[in-house]
Every structure is written in structure tokens, then in C-alpha cells.
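Quick heads-up: structures coming right below.
Each of the next two complexes has chain A plus one other chain: chain B in the first, chain C in the second.
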Partner chain A sequence: MLYKTITKSDFEHLIDFILEQNEIIAPRKVGEKPDGTPIHQFLPIEAFSEMDLDYSKTEYSAKTYFLPFRENLSTWSFGDGGWKQDIQYRQKPRAIIGLHACDIHALLKLDKVMLKGPFPSPYYKARRENTVIIGMDHEPCGSGFCASLGTDILTHGFDLFLTDIGDRYFVAVDSDRGFRILSQVPLAEVTDEDRRRYVRARAAISEKQTIKVHTRNLPTLLDLTFNSAVWEKWGSKCLSCGACAMVCPTCYCYGVKERVCMDLASASKVKQLHSCNLVDFAEVAGGHNFRPTREHRLKYRYYHQHRGFAEAYDEPMCVGCNRCGDTCLAGINPPDVIADLEQENP
Partner chain B sequence: MSVRIHSYDVNREFTMGHPVDYTRRSDLQNVDHVFKAEITNTVNLTEHEKLFHIRILDPTERDRFHFHPGQFVMVVLPGYGEVPISISSSNSQRGHIELCIRKAGLVTDVLHRAAPGSHIGLRGPFGTSFPVERMRGKDVLLIAGGLGIAPLRAPIFYITERLGDYGKVSILYGARTPKDLLFDYQYEAWRRIYNVHLDIIVQEPDETWTGKVGMITALLEGMEIDPDNTFAIVCGPPVMFKFVCARLQEMGIAMQNMFVSLERRMHCGMGKCCRCNVGSTYTCLDGPVFDYWSVINQKEAI
Partner chain C sequence: MRYLGIEPVKPRVGIFDFSGCEGCQLQLLNKEESLGAFLSALEIVHFREGSSEASDDYDIAFIDGCVTREDEVVRLKKIRSIAKLVVAMGSCASFGGVLRHRNYIDLDAANREVYGDKPKETGKTRAIHEVVKVDVTIPGCPVSKTQVERIVQHLVLGVPFHDVVYPVCVECKQKFNTCMFEKGTLCLGPITRGGCGAPCPTGGLGCWGCRGATVDPNLKEFKDLALKRGFSEAEIDERLAFFGGFEGITCASI
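Coming up: the complex of A and B.
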């Protein structure tokens, strides 16, 4: 890994350079909650000033730019008693600025599902390959427990990653593409003083990570508590709304529907993100539902994130951002649910 | 000064002239490709089930389409949707397949109304298969309950086409009522073969039924098997294969030598939509055929 430093004003110039010919998606303040805390989302920006890099956490993750909520997988045009199928994977190049470490970890986990197994997804790959990732270190977000899952530290998965060291940014460069972009502004070599400041900055961030969730033995714990009353307790609160999956940076499950054009001349195969908490998730033709109750479905969500996925991909699917907990209307959140499971077998 | 992020074209990953891999484990461009096929004939089996004879239209695609017994295809009806269906025929006829389909939802309802000559799409084949090669030289128990005979027909054909390579072959089939028995026109052909033993049972007989009455497990009572030398393939609803496999275990067959086929909701067939997820596995990639140990080792599999 290459490390450089740039001044903060040069970073601003860099964003302007990229904006001249490319789309940029960055955290923007879109409103305030009743208590005055700002609401941020990843949205396209037109100018550097629209970006708010001092954000703590966006409501939605940047997943939507890689796995859009709704996506056309193929288009059918009918005629002559048959059909033609058209499939498009194209994606215009763009950059996403200001992703935090947990959100970049989420992309690395999605890569394992979407690219590294059999049947790599060309739809995902087109978006991933055409998106420059410029990440950024930040103060802990408040409710997240990323440190417990090791997703507060990054070693790869970005083009550039910035850490604020006072008047300058300490920049980790992880791709040739990133290096070429960065080279548009004056770069400085890392000095001993920069190194000391970087280590201090990282240490200060780590110290503020106070939320601890015991995840080390979680896979076995989830097996042992499979029939526990804890699931009834939390399942009975669950509204089966699926909001947790919508805001989750790693939830990838979906459903496919056909949409027929009004003139019956064409139709499209449309993919739409789903949630394992929705009632029809595991329902099969004929009406049998493999997970008929809210309790079954909530348990499956935790079980898949921390047990099933961990077994299949050697790491849990959860990155600890706690967006699901923040957004849940019923107050279901991973730290409390996991703490309850631990109480079951003290 | 300005920066232009270079565009990356996924389509370029597909090298021209490279042979098309119809199992599509690695071919990005063909991930969502649909084979055009034609319903050449239909066979009415019961009130709710029909057998469809299907031929892939393009001769090159037809020659290269191959599957293993136990695998499934996604049947695509553009404008209506897709459904996962186990292939129910011999894999020796390339590009010609038979699908036994129950009328149970939107897509299958439309299929049941389709006349021979109608065009449909196919994606696949997907999933794991019964290890019929590993069973060579051994005795084989082929056990089906209800619609489970549909996926079981593929290994039945595979084995009956190579009977010299296998030991004793037993086909045990149970259904709820005599009217639910599928492929009754084939029993006589199987029954006449020297080393094939066919036994059929129904739970609720009608006045015409003269055969055995009871649960499928009753057919295993008193049966002599050589447990170290016997493989079993069990297809049917979970409650059925749970009891059958428990009985086979008592008879001494190792769980790794019993194979079942799971049914789940599927939207992709490629390990992406997650709808068929069971524990740590996707039924579409790691299944639908699992050995019985893997089934009891995953939560919620049965």
C-alpha cells in the first residue's frame, strides 16, 4: 500500500476535477430529526459544498448504488409468435466519496456473494468495477458496534482512503486508478510527523469505540439458543416490515417479478430487493411457508447473518453499523438481542 | 486538469471464440441467457399433474445441453415468471427433457393451458445431482412419496438404462390415494425387469384398489438389505423422507449414503436471491440434492 498526504484545499480541488467529467455520490445532509440530529444520505452531488464529510452515519447504506432497490434484469420484446431477450449490464463510471470503513467492509462481503462464487453477477460487477471508492476515517457513529466485528479497520476494498491528521489528509492508495486520480493534485511524501499524527488519530478513534457486543462465540451460541424463548420475546415485537433489510449494507436477498407493458408488446424481468422478515419470503407454491411466524423469520435473520453466512464465507455478514437497530420501529437491535441470547446460557 | 474515470466493460470479459459453457459456472455474459424451447407433447397424469416433453429449439444448444439426474431447470415464461422444476427424464437424450409439473401457481397454471407447439424458456441446469456414478456396483433403494416420483424418475432412468452396472434395484413408491399415483403406465415395464423390485402403497385406498395400504415405511418392513453395500435416494415431502431416512438408519445405512432432494422457493437458481437459503447453504447451489447428514446438520432443513 502506498501512503501520501494532501492538503485539505487540494482535496477540494480533487473533487472538482473528478466532478468535471464524472458523477460523484457523497453524503449529503437532507434534513434533521426532531431532536436536531442531522439526517444524511448518499446522493449525487453537483459541487464540493453539497457534501458533508463530517457525517456520522447515513440512514441508508451505499448498497443501493450496487444493488439497487429495483433493477431491470432483462427485457422481452414479443412478436412473430416468439420473443427476443435483451440484457444490459452497462454502468457509467462514477465515484463514491466519504464511505466509512464499515460500509467498505460491507462491499467486500457482498463481493464474496456476488463475484467470488459460481455464477458471478454481471449486473453487480459492472457497478462495482465502474465505481471509484474514496473512503474516509471518522469518529464512532454512536450506536454502531463495528469494533466488535473488526470492521472499523480496513486493509483493502477502496481506491483511496483518507484520515484527517489536522491540516492535511493522510491518504492510503490501494489501486492504480486511485493513484492516477490522486496525482492530479500535489502529493507529499509521508513525514515522521505525519506518521505520528496518523497513529494518534487512529488511536483516538479506537478509544471512542465503547459499544461492545460479544460476537466471538456467536455462531455456536445461535445454535444452542435455537429454541430459546428469546426469539419469542423479540419476534413478538417484530412488525415484519423489512425496514432492517432495506437499510442494511449487506442484505442482498431479492425477488423477481415480470412487468408486462400495457400494449403487450414487451415485458421486463424486474428484480426487487426483499427481506427475510416479509411473510412470503420462504413461501412455496401450494401455500406451504417454511418460516410462517415473525419469530421464525427474525430468528432466521440473525441466524443467517451471524451463523449461516459465517459458516459459508468464513465471516459474519453483519458489519456492526446498527442501521437496522436505528431504523426499527419496534426497537429490535442487535446489541440487545445478542445480549439476551448470552443471558440464556450464562 | 481533469480526471476521467475509465469505463470498465463487463462484456469484454467474454472472449470471442471461447467455447460457450452451457453450465455457465463462469461465463458472465450468459448468466441470464434463456434457451428457447418448445413443448413437443404433453401427457396427462392426474387432475393436477402433467408431464411436458420439451425440446430445445437451437440444434447447437440442444446438443450441448446436458444435465445430471437430480438437477433442476428454471422454466421461464416471459411476461409471467419463472419456476424451478426438477428434470424428470433420462439424461441420455440431450436437449430433450421431460418435466412433471403440478398446477400450483401462476406460472404452472399457464403452463397447464399451453398446447404442444408452445414456446417456453429454460435456464440451467442448476444444482447438485444424485451421485449415481458412485453407486455403481451397489444395491440401490429408490424411494418416492407423492410428487417425489418426478425428480426420482431421472435416477430411475439412469440406473435402468445401465442395469448391468448396479446390484439389486428397489423402487418403492407411496401416494395418498390410488388417483394420486403418477406414471402408472410405466410400472409394468419396471416390474418385468429381473433385478428391479417395484412396490407400491397407498394411504387411502378406494374400492378399486387391490394393492398394499399404509405408510411408505411399511414397504421397508421385512426387507433384507446389505447396509454397507446399499445406497438410497429418497424423494418426497420432508415429513416423508424424515421417517424413511430414520428407518433406513435403523436398518444400518450410513446417513452419507442416503440422498434427498429439498424443495424451496427460488428466484435465481444461482445463489444470489437467498430465498432458498437453509442454514449456511443455498438449496440451488449446494442442493437440491443433499446427503441426509447435511440435511440434519442444517437448522430448518426439515
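Coming up: the complex of A and C.
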């Protein structure tokens, strides 16, 4: 890893430079809750001033720029002589600015499934490779428990990662591409004072991480609490609405449907993200449903996030952003559910 | 045109209007980009809004509206005896729609108020399935033309048709919306069947439940969360009753 510092005004120049050639996705303030809390989303911007890097957490993750909610996988057109297939991978380069550490960790976890698994997704790969990631350190978001999962700090998975050290940004460079972009503005070597300031800035952020969730040995705890009444308690509240999976930065489940054009001259395969909480998630031929109740379905969401994925990839899938908990109308959230499981004494 | 080597059948179709605003029929003539193809996939032999032909020989009957008069019962039964397949199209046909409200008021008084000393024959609102057997139900106020097209493809080509079984929230979230509840607005999205693309929450209104209850809705939690956010039982009940898709469900019954 290479470290440099840049001035804040040069960061603005850097954004202008990137905007000349690329689409930029960045946190934008889109509204306020009735209590005045700002609402942010990752959206395209046209100018530096449209971003609000001082955001705490976006309501939705940036997942949609890699795994869109809806995506046309393939289109066929039929003619008298046969048929023609058309597959479009996104080619246009794009930069996402201001991703926090947890959201970059989420991408690294998705990579394990989408790029390094037995069936790499060319759609995901095309977007991933064409997206420059410029991350940023930030004050803890309030409801997240990333520190309990070790996703509040980061050593790779980005092109550039910035930490505010007062009048300058301390920049970690993790790719050639990142270095080439950064070289558009004057770079300074890291001084002893910068080093001290960086360490202090990081320590100040860590100190504010107050939400603790016991995640050590969680896969085993989940095994031991399989029949716990905790699942009935939280499961009976679940609306089976899938909102949690839609905002989650790591949920990747989907369904594929065929859509035939009304003139029968073409058809397409359309992928749509789904959720394991939805009533038909585990429905198979013959109408059998392996997850017939909300209790089952909610339990298996936690099992995949904290146990199944950990078994397959040696780490949980959840990055602790608590977007699922923030969005859930029924108030179901990982810190409370996991705390209840902890209380169980199997 | 053949699709995957399947020779499409061109069914004879009748489109019939009962009590309602006829908006669902009008929907059939929307979506101009595929209207020609839609109309040529079918042989429409009875469609008051679309043509002057009125034949009594059809395979499929699309029913728009609900039943509120005895002559409608007779007409509907006749249609059922002719059609191989009856499709209830829209919220009124599916479960009574807004006309279901008539069942909760004094109809005689309403009749006098509107028609003075020349009252018209009118009775309680019944959904199509409450009078005859219905084979396919497509709720929605109005019905979504895309869904009608899929049903037609299903009937003509055997392309499988599965209505979504998830609630409106899924498509609402997939539109990047901030939840209406966050903005202090009531929304039936969590308990209403999706498939509409969530136009109402996207447009800044809560969902009013025009597609009826979703599969296995969690009514108890919905009631709790709405009450907890300050909505009254009366507001929730009014919303539940609006399109008739939650017939018999009130805060008291949950």
C-alpha cells in the first residue's frame, strides 16, 4: 500500500477531473425525516457540490450499482431463419465516491460469491472492473455495529481511501488505477505529523464505536439456538416484505423470469433481486415450501448472514451496517436478535 | 408468428362491463407500443368500448366491474355458460373495489338522495367470484396492462403466468423510495400484493391496497406498527376497506 496526502481543494479538483470522463455516483442528500435527520442515497452527481461527504449512512447500499434490482440478462429476437441472442454487459466506466469501509467490505464479500465462486457472474464482473472505488473514513453512523465484525477498517478493496486529517486528506492507494487518478493533483509525502494525525483520527473514530454485538463464536451459538423461542419472538413480527434484503449491501438472492414480447418477435430473461424472507423463496415444484413460516424464513436469513456464509467463506456475510434494522418496519434488527440469542442458555 | 415452435391459438374473446368505472377496459387499449400485437393475438368478438361487434360465441370472457343488480347476475351467468374461461379483471371484478363501500351504507337512502322519487334498482356489491366461478383473477385499480398481456400470452401460448406473491414493499424498495412511514404517511404496502411496481408510494402517496391482500399477510404486526406510529384504528380501518381487498379485516378483527 502506498500513502500520500492531498489538500482538500485538490480533492475537489480530482473529482472534477474524474467527472470529465466518468459517471460519478456519490452520497447525496435527498430529504429529511420528520425529526430533521437527513436522508442520503448513492446517486449520480454532475458536480462536486452535489455530493454530501459528511453523510453518516445512505439509506440504501451501493449494491444496486453492481447487482441492479432488475437487470436484463439476455434478449432474443426471432426471425424466420432462427433466432439471435443479444447480451449487454455494462462497459461505461464509473466511479463511486465516499463509500465507507463497511460498504467496501460488502463488495469484497460479494466478490467471493460473484467472482470467485464456481459460477462467476460476467455481469457483476463487468461492473466491478469498470468501477473506481474511492472510499472514505467517517464518524460512526449511529446504529451500525461494524466494529464488532471488523468491517470498520479496511486494508484493500478500493482504489483510493481517504481519511480526514484536518486540512488534508490522508490517502491510501491500493491500485495502479488509483495512483494514476490521484497523480492528476499535487501529492505530498506523508510526514511524521500526518502519521500522528492519521492515528489520532482513526482512534477518535474507533472510540465512538459504542454499539457492541457479540459475534465471536456466533455460528456455533446459532447452531445451539436452532429451536430457540427467540425465533418465534422475532419471526412472528416479520412482515415477509423483503425490505431488509433490498437495502442490505450483501444480500444477492434473485429470481429470473422470461418475458415474451407481445408480438412474439422477441423475448428476454430478466433478473430481479429477491429475498429469503419472501413467502415463495423456498417454494419448489409441486407447491412444496421448505420455509413455510415467517419464523423459518427470518431464522434462515440470520443463518445465511452469520452462519452459512461463515462456513463457506470463513467470515460472516453481514458487515454490520444495520441498514436492515433501520429499514425494518417491525423493528427486527441484528443487535437485538443476536443479544436475545446470547441470553439463551442452551 | 410462432414462439418456440408453438403455434399460437387465437382465442375468441369477449370483454364485458359490469358495475364500475370501465377504466380497466380502457386499460386494454393503453400501452400503444404493443397494442397492435395485443389485439392481433386475440379475436375480440365482443368489446363495447373497442368495437361494435357483439357476438355470443367466445372462449374467454374478461369481466370488468362487479355485480350490483339482478339483471347483471343473469347476464353474468349466461357469459359463464358460454365462456370456457372467465377472467376477473381489476379490483371491482376481483373483490368489489371501491363499490364495496356501498355495502356499508343505507342503499335506499343513497338511492333517494341521488334519484329522488325515481329510485333505480340496486343491491349489494358482489365480486364476480361471489356469483360465478372465476378462473383467473387480476386485481388492480386499474388493472395493469402488462399483467393482462402476460395472461393473454399464458392463454394463447401457454407461457407460464405467476402473479407475484410478495408485498408492494419489494418493488417500492427496488425504486429506491424512502418509506412512506418515515414521512409520517400510512401505507398498506407491507400487506398488499405487489406486482404493480409500487406507483403510489413512488408518487408520494401511501399504498391503498388496490391489489388486495398479499399471500399470508402479517396483519397483526401491521396493525401494531401502524398504531405505534400514531395512526388511529379508524384511519387504518378506512384504508383497509377502501378497495374491498381486505374484506372483513378491521383493527377489531385482527
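Everything below uses one rule, namely that the second predicted complex is superposed on the first by the 343 of 346 C-alpha atoms of A that agree within 3 Å, B and C clash if a C-alpha of one lies under 4 Å from a C-alpha of the other, contacts with A are read in each partner's own complex, and residues count from 1 in each chain.
Following the convention adopted for this analysis, contacts are C-beta pairs under 8 Å (C-beta built on N, C-alpha and C of every residue); 3 or more make two chains touch, one makes a residue touch a chain.
Just so we're clear, the structure is a prediction, and the values are computed from it rather than from any experiment.
Novice: Is A:Gly286 touching the first partner chain B, the second partner chain C, both, or neither of them?
Specialist: The first partner, chain B, only.
Novice: Once the two complexes are aligned on chain A, which partner has more residues of chain A within touching range, chain B or chain C?
Specialist: Result: the larger residue contact count on chain A belongs to B.
Novice: Can A:Gly79 be said to touch chain B (first), chain C (second), both, or neither?
Specialist: neither
Novice: Kindly classify A:Val260 by the partners it touches after superposition: chain B alone (first), chain C alone (second), both, or neither?
Specialist: both
Novice: Taking the superposition on A as described, I'd like to know which of chain B and chain C A:Gly242 touches: first, second, both or neither.
Specialist: second
Novice: Is A:Gln21 touching anything from chain B or chain C once the two structures are fitted on A? First, second, both or neither.
Specialist: A:Gln21: touches chain B, not chain C.
Novice: If you stack the two complexes on chain A, which partner ends up touching A:Lys92: first (chain B), second (chain C), both, or neither?
Specialist: The first partner, chain B, only.
Novice: Looking at A:Glu311, would you say it contacts chain B, chain C, both, or neither? Reply first, second, both or neither.
Specialist: First partner only, chain B.
Novice: Pick one for A:Gln184: touches chain B only (first), chain C only (second), both, or neither.
Specialist: First partner only.
Novice: What part of chain A is shared between its chain B contacts and its chain C contacts?
Specialist: Common to the two interfaces on chain A: residues 78, 258, 260, 267, 274.
Novice: For chain A, which residues count as touching chain C in their complex?
Specialist: 30-31, 33-34, 39, 41, 59-60, 64, 69-70, 78, 236-243, 246-247, 258, 260-265, 267, 272-275, 278-280, 294, 327, 329-331
Novice: Under the definition above, what is the set of chain C residues touching chain A in their complex?
Specialist: Chain C residues touching chain A: 1-3, 8, 34, 36-38, 41, 149, 152-153, 157, 159, 165-167, 169-170, 173-174, 176, 178-179, 181-184, 189-191, 214-218, 220-222, 225.
Novice: Could you please specify the touching residues of chain A with respect to chain B in the complex?
Specialist: Chain A residues touching chain B: 14, 17-18, 20-22, 73-74, 76, 78, 81-83, 85, 87, 89-90, 92-95, 113-114, 117-122, 125-126, 129-130, 132, 177, 180-181, 184, 223, 226, 252-258, 260, 267, 269, 274, 276, 281-286, 290-291, 300, 303-304, 307-312.
Novice: Please give the residue numbers of chain B that touch chain A in the complex, ascending.
Specialist: For this pair, the touching residues of chain B are 1-11, 24-26, 28-29, 31-34, 36, 78-83, 102, 104-105, 108, 119, 263-265, 267-268, 270-275, 277, 279-281, 285, 299-300.
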